[in-house]
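What follows is a set of structures for review.
The two complexes that follow have chain A in common; it is paired with chain B in the first and with chain C in the second.
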Partner chain A sequence: MITIDMLCYYSRLRYANAMEKFTYSVLTLLFCVVSRSLAMALLVLAVNGILTVRKGGIPFYRYWRYMMIPLAFLIISTLAVIVNISRTPLDAFAFQIGNYYLTGSYASLYKGVQMILTALASVSCLYFLSFNTPMTDILSVLKKIHCPDLLVELMLLIYRYIFLLLDISFSISTSQDSRLGNRNLKTSMKSFGAMASVLLIRAMAKSGALYDSMEARCYDGRLKVLDEQHPPKSKEIFWIVIFEGLLLIFTIWSKLK
Partner chain B sequence: MNTTPILKAEDLYFSYDNENSHSLNGFSLEILRGKKVAFMGANGSGKSTFFLCCNGIHRPSRGTLYYCGEPYDYSRKGLLKLRSKVGIIFQDPDNQLFSASVYQEISFGILNLGVSVEEARQEVEQVIEKLEITPFRHKPTHALSGGQKKQVSIADILVMHPDIIILDEPAAALDPKHTVMVNKIVNQLTKDGITVLMSTHDVNYALEWADEIVLLHKGQVLMHGSPLDVFTDKEALAQTNLEQPAVLQLFESLCKKGILDSSLPLPRNLQTLESYIENM
Partner chain C sequence: MSKRQRKIVTACAIMALSLGITPIANAMHIMEGYLPAGFCVVWGALCIPFLVAGFFSIRNKLRENRRALTILAMSGAFIFVISSLKIPSVTGSCSHMTGTGLGAILFSPSAVSILGVIVLLFQAILLAHGGLTTLGANTFSMAIAGPFLAFAIYQICQKLKLNRKVGIFLAAMMGDLLTYCVTSVQLAMAYPSESGGVAASIVKFLGVFAPTQLPLAVIEGLLTVIIVIGLETYAMPELKSIGFIKEQEVR
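After this line comes the complex of A and B, so read on.
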């Protein structure tokens, strides 16, 4: 998660209009899930891969590694759909174990692959957004589409605090290591407990200080901030409309079929 | 010439722990408009506490603060008005920066003053330019160096155009390059007529920079005067654990040895001392 955070600041698509990126990935995700079509999943995977790696400049191996995380999980969970235990062998494959067969049909195999690819394509949509858009930009989009202010403001503060507290916990654990705090399981557990309690206290103190500093700048209960403007480009909008239109037609067609 | 002090503290008492001990203990002070005032004193002598009182974050349990002759008004409206005039830059930027985006961070204060979005954008751009934040304006705040965070935290306040700017140990944890940069910014502030209060442990810098020095000791003002008055008072310095500035030490020892004439005015910086030696 921290790598993702770092990557998005270097992405070449970072300064593309956030609303465009948001709309693109949410719509594409929707069409993927609604149509459940194999062909569409492959198309979306390819397009998102090209956008993120070629256009965004995210290193391929990074992207690949992140795609592998859900893949392993998906394969394990779709095994239940693909593999059956039955007395009679099915058409796709069958391994005999005593009186029983470990077996599966072409239909369920197809379904399994379809599920995996649809899920991967959906994940790639979210990756596209998070690899190419800093969190603060995503939050400003959420604000524009009228997400409750309280929620957006909380997320803004939490996002900043994740890094502050991570910093503190890193430095504490380093200092514990330097004093052999993690020599064995017992000391490790003790060190971790100590760190957790210090972290809690520090978080409270930090939030008090932060509130003071916001008050000192005339904070009046509403967290008003400006975002940098990256106006949408008509060429990008054109391609998004074309692409989403295609997906829409394809989705309708696959449902009517 | 307006002689009403811009800020006046009258016999302030403040305690963090229900009056068991006092962080401010009968603290009185007057500060005139446009002055550069250095606050010096040991850790825990009450510098930060006083600064937080100036901004209305803490309310003294006894005593009164005055801004331009008016006693502080602790109503919501009064505080907002006060805070638009008195800005404070905290010692630790991590306690001040609340947003991961530099632009959001800087725009916060000025928007709170109720200006239009267009005007706020202009102001933010100006201050980014002025404080040389442009090279890292697109980085997230958690990826900035300590010095860069400091620059942003100063911009946070400058964008609001306050009459008084308080800097709490601005040079703490900064490398020499950023210390010079902060000093440059501070000099620019005083040229613009802003009253600057700064706490520091650097006697050499205070001697050269400040118009007035306030020595704090256990929540009280031990001494308040010109840098030369304060830094020649060895008793007061010893009580607050401060060294005499190097220039003064050297000047004194050169006078004692008869190398320099002790009737020369005391030098405030190395250049002056150097010119004395050159003109011997």
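After this line comes the complex of A and C, so read on.
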């Protein structure tokens, strides 16, 4: 039901070492955001696309569709950056409205393109992580980097229960739909409210049952789960180090320039 | 700061740094990679005191009553599901609740700040809403500013003996509006306008998002009221177990 979650279990990179994937995507992301350079954004976009689609085996059309999601936000907010209202026209374009100009400069156009590309490249880093790594693996990485136990445990439980609640909410909305519960704004508001409140009631009942069953299995404040072991491969580490080293040099160079 | 707290702060900073740039899909998530690195760090740092406070309040609550763990987890999952469902909208665009106003009223703003980060992290990874490097900024607007204002307004309305439904409506709506304003300010500070600086930029960002966000805030307010009415009708014991109703009885 959550497409990304479903896809990452099919990914051919699923069994690659999670720490490797995590380090790779986070470092690449950092370099992208820090350097904000066009060339690097294009490089990262290409590398992540190839890794996710060719190596990971995620269908291209899915990947493409997910890359398009951010575009709406990007276009709207980049418009707000590029377009200015002022009394004096700027160099790139200017439309006169009364005494004012709807105008923009080449510098801001360049900045807009830079923002869009950097953002897309960063999104591709995030997608590399989420399309190829199941949430449970990400949680075990968080544990390894010493995220507090309580948080990791809370995340694990929340993750499990998201699917249960989504399931309940889908069956409720289906039955509401089949009874014309969403035929206009008024009924759909009513239906949504009813669904949400029943959802919370069910959630609370489930949480009680969950605690009882955990208690019955000797829960003592700590959930212990065995991790699957997928040792890092030296070849993969080698390429990650080379690539990140390149990005690092490039970032330093672009900052010095 | 103790060693443990320092670890927490580091973890928060790492997460804030790594998760920053995700698409703003529907609610007011700032997408991955959209904020410059400096702003990601600053917003992440601003969140840390709230998160640490939330963390300790949760931990103390768990010491008293371990059963609260599963209730908290369920509440987190509930907030995630509520915010991932499409809600009826007037403009025809696909829109989502933030769910944090409801969370703040039902649970408490400090618990919601922690649940909020987790939900935002999941939204970034599972739904591609928001992102790792912008996690700090998003957390500040959606899991801290919104819920705390919603809670404050709800409390004030209670003190003023206003009709409770009106209070809930105002709280959820204003929480949503504040989230939208804070996000606009965050974007504007990162990208000041060439003619007029940050102030002009704030107006521009408020302007471009207003058509979707203003109706959304009203709808979120209405839905929150409907949900609470539903809960009061059918779920008194549950409301008591999360401490929502007890508060009422004391008063």
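As a working rule, the second predicted complex is superposed on the first by the 227 of 257 C-alpha atoms of A that agree within 3 Å, B and C clash if a C-alpha of one lies under 4 Å from a C-alpha of the other, contacts with A are read in each partner's own complex, and residues count from 1 in each chain.
What we mean here is this: a residue touches a chain if its C-beta (ideal position, glycine included) is under 8 Å from a C-beta of that chain, and two chains touch if they have at least 3 such contacts.
Just so it is clear, the model here is predicted, and its values are computed rather than measured.
When both complexes are overlaid on chain A, the residue A:227 reaches chain B alone and has no touch with chain C. Looking at the shared chain after the overlay, A:130 reaches chain C, while chain B stays out of its contact range.
Of the two partners chain B and chain C, more residues of chain A are touched by C.
Contacts of A:218 after superposition: chain B is touched, whereas chain C is not reached. When the two structures are aligned on the shared chain, A:185 is found in touch with chain C, with no touch to chain B. In the superposition on chain A, A:157 makes contact with both chain B and chain C. When the shared chain is aligned, no partner comes close enough to touch A:61: not chain B, not chain C. Of the two partner chains placed around the shared chain by superposition, chain B and chain C are both touched by A:5. With both structures placed on the common chain, the touch criterion links A:70 to chain C but leaves chain B unconnected.
Comparing the two complexes, residues 5, 135, 157, 159-160, 164, 206, 210, 214 of chain A contact chain B in one case and chain C in the other. Considering their complex, residues 2, 4-5, 25-26, 29-30, 32-34, 36, 66, 69-74, 76-77, 79-81, 83-86, 88, 90, 105, 107-108, 111, 115, 118-123, 125-127, 129-130, 135, 138, 142, 145-148, 150-151, 153-155, 157-162, 164-166, 169, 173, 182, 185, 188-190, 192-194, 196-201, 203-208, 210-211, 214, 221 of chain A touch chain C.
By the touch criterion stated above, chain A contacts chain B in their complex at residues 5-6, 9, 134-136, 156-157, 159-160, 163-164, 167, 206, 209-210, 212-220, 223-228.
Within the complex formed with chain A, the chain C residues making contact are 4, 7-8, 11, 14-15, 17-25, 29, 31-37, 40, 55, 58-59, 62, 66-67, 69-78, 80-82, 84-85, 87-88, 90, 106, 114-115, 118-119, 121-122, 124-128, 131-133, 187, 191, 193-196, 200-201, 204-205, 207-209, 219, 222-223, 225-231, 233-235, 238, 241-242. In the complex of the two chains, the chain B residues touching chain A come out as 52, 55, 57, 76, 80, 83-84, 87-88, 90, 92, 94-101, 103-105, 107-109, 111-113, 117, 120-121, 124, 138-143, 156-157, 160.
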